[in-house]
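Report on one structure; see the data block that follows.
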Amino acid sequence: MSHTSYTVSTRDQIAERAAQDIPDGAYVNLGIGLPTKIAQYLSNDKDVFLHSENGLLAFGPSPAKGEEDPELINAGKEYVTMLDGGSYFHHGDSFAMMRGGHIDICVLGAFQVAANGDLANWSTGAEDAIPAVGGAMDLAVGAKKVFVMTNHTTKTGDPKIVSELTYPVTGKNCIDRIYTDLCVIDVTDKGLAVTEMVDGMSFADLQALTGATLIDATK
Amino acid sequence: MINKAEKNITDVLSQIKDGATIMIGGFGTAGQPAELIDGLINLGVKDLVIINNNAGNGDHGLARLLKTGAVRKIICSFPRQSDSWVFDELYHAGKIDLELVPQGNLACRIQAAGMGLGAVYTPTGFGTLLAEGKETRHIDGKDYVLEYPIKADFALIKANKGDRWGNLVYRKSARNFGPIMAMAADVTIAQVSQTVDLGELDPEHVITPGIFVQHVVQVQSASTSTELSDTAA
Amino acid sequence: MSHTSYTVSTRDQIAERAAQDIPDGAYVNLGIGLPTKIAQYLSNDKDVFLHSENGLLAFGPSPAKGEEDPELINAGKEYVTMLDGGSYFHHGDSFAMMRGGHIDICVLGAFQVAANGDLANWSTGAEDAIPAVGGAMDLAVGAKKVFVMTNHTTKTGDPKIVSELTYPVTGKNCIDRIYTDLCVIDVTDKGLAVTEMVDGMSFADLQALTGATLIDATK
Amino acid sequence: MINKAEKNITDVLSQIKDGATIMIGGFGTAGQPAELIDGLINLGVKDLVIINNNAGNGDHGLARLLKTGAVRKIICSFPRQSDSWVFDELYHAGKIDLELVPQGNLACRIQAAGMGLGAVYTPTGFGTLLAEGKETRHIDGKDYVLEYPIKADFALIKANKGDRWGNLVYRKSARNFGPIMAMAADVTIAQVSQTVDLGELDPEHVITPGIFVQHVVQVQSASTSTELSDTAA
């Protein structure tokens, strides 16, 4: 198979693309790691309310050097600041926001996403690994829309978008949209619908890099 | 005349015996009651069951407690962190039991205990390894897992201010598990940065009413200076 | 049967007697009606924390004339005041205090109390009566100790302390102690143990006014 | 730029349609959103299901709403009061359905909805008429009744202050059901005595974070002057 020449999106470009789909007024939880970057690309003329598992709503960017407060951190244990109009609450209320369907959008990282929207992002199932789950399973089942932000394939080139998960599941049928360095995919009842691809990418090439059947919805 | 404000950490903690189940507040080190944990280590009790979101960071606080071998089992959501080497070693050596609970189920099981509920159906974890063997139910179009309350003999938490009736207010994201753990333990011991006179805490602003708190101990340092890791939870 | 002459306790005397058994530091919910009177007899050198279903802890006596605040009422919808060290909270937290076993003592009124500690105080079961329950069932199952304060018999002389309830139950096996205008009764595994009687009362006479077998534990 | 502060009660309420399920805050008249209820009456919607602790007092507020015949069913814990004549007449005439729920079960079923739980086992009401036909379970030595969440299309609540992001603080015992109803409804409309600038509410003191509130309407009177009954609840 011949490959066309295409431009792979950088992490910042994926974040920027995902940020465009977050509307004014959305309550959003950005997962630890890659999704956190999205915050940098949210337009200033939008009010987007960032939620953190550990009891923050409407937190802001990192503090200035020297202004860090060990008691003002996000779920990734990074220093943050609080916006005017923010609030603190306990873990019970925080997870009520998540589990109770009050968060509009969460964006999570992924080890694998299956064609039916199953997500794996908490465990590789490796024999001697120490398991850890945090709030991933709560976000997967609780947010109104769950997006994934990930590289299209692993470092070794294996597909992360697969027909069925081989890693332990985080949440069943939970993913609505996937942002990768190659494309944007909507998880629909009919299957994985590719709505956008990076410049120069052909649908056939994208399909070849994907472990599940894709639908071309770019037109 | 009720005065829950105690002067001496050692005296207050001496009621904790071997085999106790203890909730410890905090998310990472934010809200972790460092001085109470140090007191618990000095007390030398063994065979403890600890409930915390994490399993210790670095070599201080909860991690140091684990290192002493005093903990039989830990119930938490995120033990694995870049600086959780103490737990990692104990776990790999088979010297500590781990009950891994999704963070929101940890929260709502603690809440269920505080609220006097017998069990709750939660959607979190359905169909995953962490719900294996658990009872499930399909309710109104959605799948749920039956989860039971997590109670404790003691809760050790950190608040910002407290009064002699046990009313507490917290500081920023150090609030996290404090209020719900205080409700779920038979005896709650809160370390505070400042003890204030009765009436200084506005009744509208009290986060944990004194009914949930048995002892308040003012500590010298606010233990907010502890170094933080930049790892996940 | 000849009756000895005995002194019936007034409502205030029952309240005063019940107040003696409330220790320093107790968290107490006083039911609407008769039990409310107990507050007047709590010694000033005790800190007794009064809880009200509608979200008050450590409330105080009635306000001075002209100082009434329609937004500061107790569960009986009477105006109250707030003590220094009091707190407000929502209904969820308020009933967590009750259902979760955090209230040390609640004192309820009663239509009937059965020998096994069953309580009836919410409905007479009358055909056309509008049912109403409020927080009675929560208090009955949730408080560490549940006391009843009631007249020993109804206005028509029927026993209120009975072998089995004839009115609809509020809570099963929930009553620990009964204060009446004639005596104090502990509900024990062995039965209803009379620990005190009013002056001049004979055990036989008390038994005759009671619909369940009593145990004389006054000695 | 999100601004949840609305000027006109009529406009805000116009999204409520016939057949809606509506939670209304308040314990008796304390915390009852009188102006929103008046607006609802003016709107003229029918066939409503109302969730409130009581069933109206006197001839105003909730009682007046009932009197218009707009309410098909009421879910409450204490309908019978000395001044509940409007409800009493409708009930005896068979013109309104009543679902009687112990007050704490009302609270925890509303909380379960807000928290996204499928059902809860509560000890309250076990063995009583109010649990007849309901599933029960013996857990850890105690008996429980299975109760399901109560959700609503709308919550109409009264708070003291609110900002344009929907953050709310309450006043004294008017808080009661407000915070938990706000969490359990698809759309929460809060009437406030005062709208304040963003940042005026201390993040430590916010009782209902804006995520649970869709609309904030400042009303002229604080409706605290309404006469209160001295009857039970």
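The letters A, B, C and D name the chains in turn, as written, and every chain counts its residues from 1.
Everything that follows uses one rule, which is that a residue touches a chain if its C-beta (ideal position, glycine included) is under 8 Å from a C-beta of that chain, and two chains touch if they have at least 3 such contacts.
Because the structure is a prediction, the values reported are computed rather than measured.
A separation of 36 Å divides the Cα centre of chain B from that of chain C. Between chain A and chain C the centroid-to-centroid distance comes to 56 Å (mean Cα coordinates, whole Å).
Computed centre separation for the pair chain A/chain B is 29 angstrom, with centres defined by C-alpha atoms.
Within chain C, residues 82, 88-89, 92, 95, 98-99, 142 each touch two or more of the remaining chains.
Shared contact sites, meaning residues of chain D that touch two or more other chains, fall at 108, 115-117, 122-123, 170-172, 203-204.
Chain contacts here follow an irregular pattern that is not a line, a ring, a star or a complete set. Pairs of chains meeting the touch criterion are A-B, A-D, B-C, B-D, C-D. Listing the residues of chain A that touch chain B in their complex gives 32-33, 52-56, 69-79, 82, 88-92, 94-95, 98-99, 123, 128-138, 141-142, 168-172. Only residues 24-25, 27, 45-47, 49, 51, 57-58, 82, 84-89, 92-93, 95-103, 142 of chain C touch chain B when the two sit together in their complex. Every residue of chain B that touches chain D in the complex is listed here, in rising order: 108, 112, 115-123, 137, 139-140, 142, 144, 148, 169-172, 203-205. Those residues of chain D whose C-beta lies close enough to touch chain C in the complex are 27-31, 53, 77-81, 84, 87-88, 91-92, 98, 100-108, 110-111, 122-130, 143, 170-180, 207, 224-226, 228-233. Remark: chain B residues 1-2, 113-117, 163-165, 167, 183, 198-199, 201, 203-204, 206, 209-212 touch chain C in the complex.
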